[in-house]
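My questions will all concern the structure given below.
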Amino acid sequence: MNSFFKYFSDIFHGVKSLLIGMSVTGRYFFSPGQIVTQQYPENRKNLQMFERFKGEVIMLHDGNNQHRCNGCGICENNCPNGSIEVIPVKVTGEDGKPKRIIDKHIYHLGMCTFCGLCVKNCPSNALGFGQEFEHAVFDRSKLTKVLNQPGSSIIKGVE
Amino acid sequence: MKEIINLPVSNIEEEEYHINMGPQHPSTHGVLRLLVSLQGEIVKSLKPHCGYIHRGIEKMCEKDTYPQVIHLTDRIDYLSAHINNHAVCLLVEKALEVEVPERVKYIRTIMDELARIQSHQLWWSSFGMDLGGLTCFFYGLRDREMILDIWEETTGSRFLQSYNCPGGVMQDIHPNFQKKVHAFLKTFKKKIKDYDRILSGNVIFENRSQGVGVLSKEDAISYGVTGPSGRGSGWSCDVRKTEPYSMYGQVQFNEVLRYECDTYSRYMVRMQEMHESMNIIEQLIDNIPEGDHSAKMKAVIKLPAGEYFQRVESARGELGLYVVSDGNKTPYRMKFRTPSFSNLSVLDHISRGMKIADLVAIGASLDLVIPDIDR
Amino acid sequence: MDNETLKARILEIAPDAQQEENKQFLTLLLPAARLHDLAIKLKNSPDLAFDFLFCLSGVDYIKQLAVVYHLRSTQHKHALVIKVKTDDRVNPNFDTVCDVWRTAEFHERETYDMFGIRFNNHPDLRRIFLEEDWKGYPLRKDYIDEVNIVEF
Amino acid sequence: MTFNIYDFTSFNRWIDEGLNSIMPPTWAMITEMAIIGIVFLLFYAVVGLFLVYAERKVCAFMQNRVGPNRVGPYGIFQTIADFIKLLMKELVYIKDSDKLLFNLAPFIVIIASFMALSAVPFAKGLHAIDLDIGILYVIAVSSLGVVGILLAGWSSNNKYSLIGAMRSGAQIVSYELSVGLSLLTIIVLAGTMQFSEIVEMQRNGWFIFKGHIPAIIAFIVFLVASTAETNRGPFDLAEAESELTAGFHTEYSGIKFAFFFLAEYMNMFLVASIAATVFWGGWMPFHVSGWAGFNTIMDYIPPFVWYIGKTAFIIWLMMLFKWTFPRLRIDQLLTLEWKYLLPINLVNILFMAFLVLMHWHF
Amino acid sequence: MSAESLILFFIVGAFLVGIALLFSSLVPPTSTNPQKAEAYECGIPTEGITWLQFNVGYYLFAIIFLVFDVETVFIFPWAIMMKSLGMKAFIEIVIFFFVLGIGLLYAWKKGALKWE
């Protein structure tokens, strides 16, 4: 007799639990205001990334096309993947002494894991993270970038 | 129709039906291959074949300095990236006897618990999907998005943050952090009720999971099944309780234990753990002390020669980190004892005699993350 | 049991064990020949009850190959590290402990895969991560792979 | 001739007479058949494509998404684009598969659903065939579809497909009965198996209200059993994607796959139509006996709209099932039928018969 | 309109599939290679033969199904004529159902309704 009642209570509880489940999906069906989808390519204009977003490593340049990198190579040493290559050149400074400045700061985006060690360990805060995240290219060689802009020079007093 | 007539007459009892589940299979959540021997629908035995995404992280670690190791640990168990980082940092700090600021401990603990919640959310999503309830997947991911946003704002990345560093954290928390965490807790407390309504209480789900994949406590210990899967077998194996680190010694929380030992109990442990994690975060979030976000460390970190071991509770179990140092700036040997690797070893044992559908449910309830197995 | 009494107790059953320097755990170097025998004793003695093998790792000390077992008792909450070493780099082998702690089965396969240490009586000793025809044992210090390992 | 959207009988007669007047009777009949065939074909394609779109939109809304919205306004041309894509896909032949059965399977699945559709009355006078054993015919023909699935799974020479085929075999042996018996409950009340008569009998109240408790139970049983019969979630064991990758249609590509897909949706439409016709009065407007004014207002809504509305609601219910529940296991599938649905069904028929004999129904 | 139009529907259905299959086998570009013709098993070659003797767990169900399906056919005529046959037929059908129900219960108790 006990199992007889259990049979019916099983049916009752089963149907009840199913109805509760259906009420959840049903409720969401009738509340389109809760849709969370982002229409990505369309919302590009007002797509605001967080300020700390790690899109790519960039070298910070000011309005006069000047940066703070002196080519010390600490970022290159700190990078776990070898995605940074610093190529310095020796020039003669204004005071006549030989001085090391940066020729090319090469950054292999394809090898970067965005660990942030280069930015954190840069002694002169020359590096930062950019907001750009659309990195897809058809040619892998385009992922290799030169971070110091052409014609840029070092800000005085940073060395 | 010739083929049918020419079929070899075979003895049903002796013939086994081998079928590959994976590497490209929806239920293995990655590239894990299970070679299953079937008899009809019944699983006779199965052999896991792993290594499809073995990247040799242990070998790579031997070339990297300790701060550089962090970004590799992100990629072991990507769902508890914070916790893996935490393990390395704790080990280095313990070896160097560095005292980290209180603020760092608070931040790390909160981040760990957020990682645990989002890992369990994703597990819940894929668990529902493995059982055929596709809607669960979207609800889980929808709520997980809030945590990823919180992380993105503070750490700059959504998934593999590399946020911890030996001695502290990379950068201080964002001014919005506390506000957003509060908003998340408030929202998620409502949403988690939906999880219960749509899956936990469902009669089909209960029938699918109860009595399926029974793992006794002795077997759990012997196979080293830790984390929520072990606690679902009634084994009190929470490292946060047995060897408290960071703030875990000072917050109030319950170690969730269940004794049914089946898929359902492993499920319920994780559901309860989400509540406990929210509880821990609530205790900490308003009391983060002012201070520095990192202790002063030397520019080059060298561990004294010797052997070190650090255990932390990751989202799927006990993560052990064994380091042999010879005094250099790179570890001499670094071994990760990953929870999923041990949890996988029990899959054959508990799924024998079950049906294929049960195998999927059991696999999902163990919450395997394939990079965690392969490393 | 604290480390001192633990050490005394284990020296009772394994008089030839040597202690190694370790701040965290009691570390004992055991003779390889008696490993399996001692493993059973460590697990089954009621006052030791090391029932949880939480880590099994191979280490290459260049002159020697070692296997490190991290043991823990869920009942008494004490931990122990035992080590076995061998000088034989060509054909190193130890007894398996996977009949004592089942979790060792996979970990020993991994150690075999990465260090080439064979475990006698292991039920299914195959490579676990790498392919069956992989040459060499990657985690050994003398392993050279010009294709996959890139030097910066 | 005045075109009447409330009664298609005169329209049919007009076409019939018109054709007979210009050609001999045999040719007239063949022409009629050709017209019907083409109309049904178009209807089949349109409904199939629309249902695929509807399902994607419905499930998207249930999951807080927007669903397809790129092709055409609100993505309504998405399924057409998909169909063209599938049509242009290569048909891959599988080594060692049973070629004959492999190609035959999509035929069986499509033909079964297409033939069953012929018996459905869409509005007054708007049906292809009005068989006097309509219900029996629909039960018989629609269950053929599962045979197609069985063949598809078996012939593919794929282990997943084979297991899927075995599961669909289990489905045949279980849910066939419940579909039949739950419809029998209403036949007891109606006393006929002809669809047009069944609809006509619901002029003063739909059967689900007339037969109250047993009719509601029969409706629920029918809904569950027919969801299983159409291989839809939570009973989609034959194609359980998390266990068997794609089950019986793993090896099917291009248009052959599209046929299985289309047939699934048409079967869903079919069982929803049957449920709407038998339980909810088909194209019959909602009438309350005694409220003459209300009834006239209801009569202004065209029958076709009533029919589509009811069918759409039942389809929506079935979609709600699929997107809410986890999948059953195979032994639970059989347990549900044999231990729950069948005994309930048997008792329910007697209950209904007793009710009819005592005139306790409305 | 009568039963012969069923043949029409059969033909139209077959025609629909046939035309589309024909189109699809002629128009789209094809490229074959031995890998493509392999049965899909998660990217791993199949082990052993596929068409093996298979242990179906629902064999007993299939037999009970046959019994019940035949019995259902007997119920159909009664269901249609029930109103005119009246109470006497109802009692007879109750007895019929009773026998069926006993059969089902027997199978249930004997464990035939259990997956093996």
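Going by the order they are written in, the chains are A, B, C, D and E; count residues from 1 in each one.
As a working rule, a contact is a pair of C-beta atoms (placed from the backbone, for glycine too) under 8 Å apart; a residue touches a chain by one contact, two chains touch by 3 or more.
This structure is a prediction, so every number in the text was calculated from the model and none was measured.
> I need the common contact partners of chain C and chain E, sorted by label.
B
> Applying the contact rule given earlier, which two chains have the most C-beta pairs between them?
Highest contact count among chain pairs: D-E.
> State, to the nearest whole Å, the distance from the C-alpha centre of chain A to the C-alpha centre of chain E.
Centre separation, chain A to chain E: 56 Å.
> How big is the gap, in whole Å, between where the Cα atoms of chain A centre and where those of chain C centre?
41
> I'd like the Å distance between the centres of chain B and chain E, where a centre is the mean of that chain's Cα atoms.
Centre-to-centre distance between chain B and chain E: 44 Å.
> Just give me the whole-number Å value for how far the CA centre of chain C lies from that of chain D.
64
> When you check chain D against every other chain, which residues touch at least two of them?
Within chain D, the residues that touch at least two other chains are 62-65, 96, 159-160, 166, 245, 323-325, 330-331.
> Quick check: what residues of chain A touch more than one other chain, meaning two or more?
Within chain A, the residues that touch at least two other chains are 18, 21, 24-25, 36.
> For chain B, which residues are shared contacts with two or more other chains?
3-4, 17, 19, 25, 40-41, 135, 142, 198-199, 202, 204
> Across the complex, what residues on chain E touch chain B?
41-44, 47-49, 51-57
> Using the touch definition from the top, list the residues of chain B that touch chain A in their complex.
Result: residues 64, 67-68, 70-72, 135, 142, 145, 152-157, 160, 162, 165, 170-171, 174, 194, 197-199, 201-204, 206 of chain B touch chain A.
> Help me check something: in the complex, which residues belonging to chain B touch chain D?
Within the complex, chain B contacts chain D at residues 1, 3-4, 17, 19, 25-27, 38, 40-41, 128-135, 138-139, 142, 198-199, 202, 204-205, 207-208, 355-358, 360.
> Okay, in this complex, where on chain B does chain C touch?
The contact residues of chain B facing chain C are 50-51, 54, 56, 58-59, 219, 221-224, 226, 235-237, 242, 306-309, 311, 318, 320, 322, 324, 333, 335, 337, 341-342, 344-346, 349, 374.
> Please give the residue numbers of chain D that touch chain A in the complex, ascending.
Where chain D meets chain A, its residues are 58, 61-66, 320-321, 323-325, 340.
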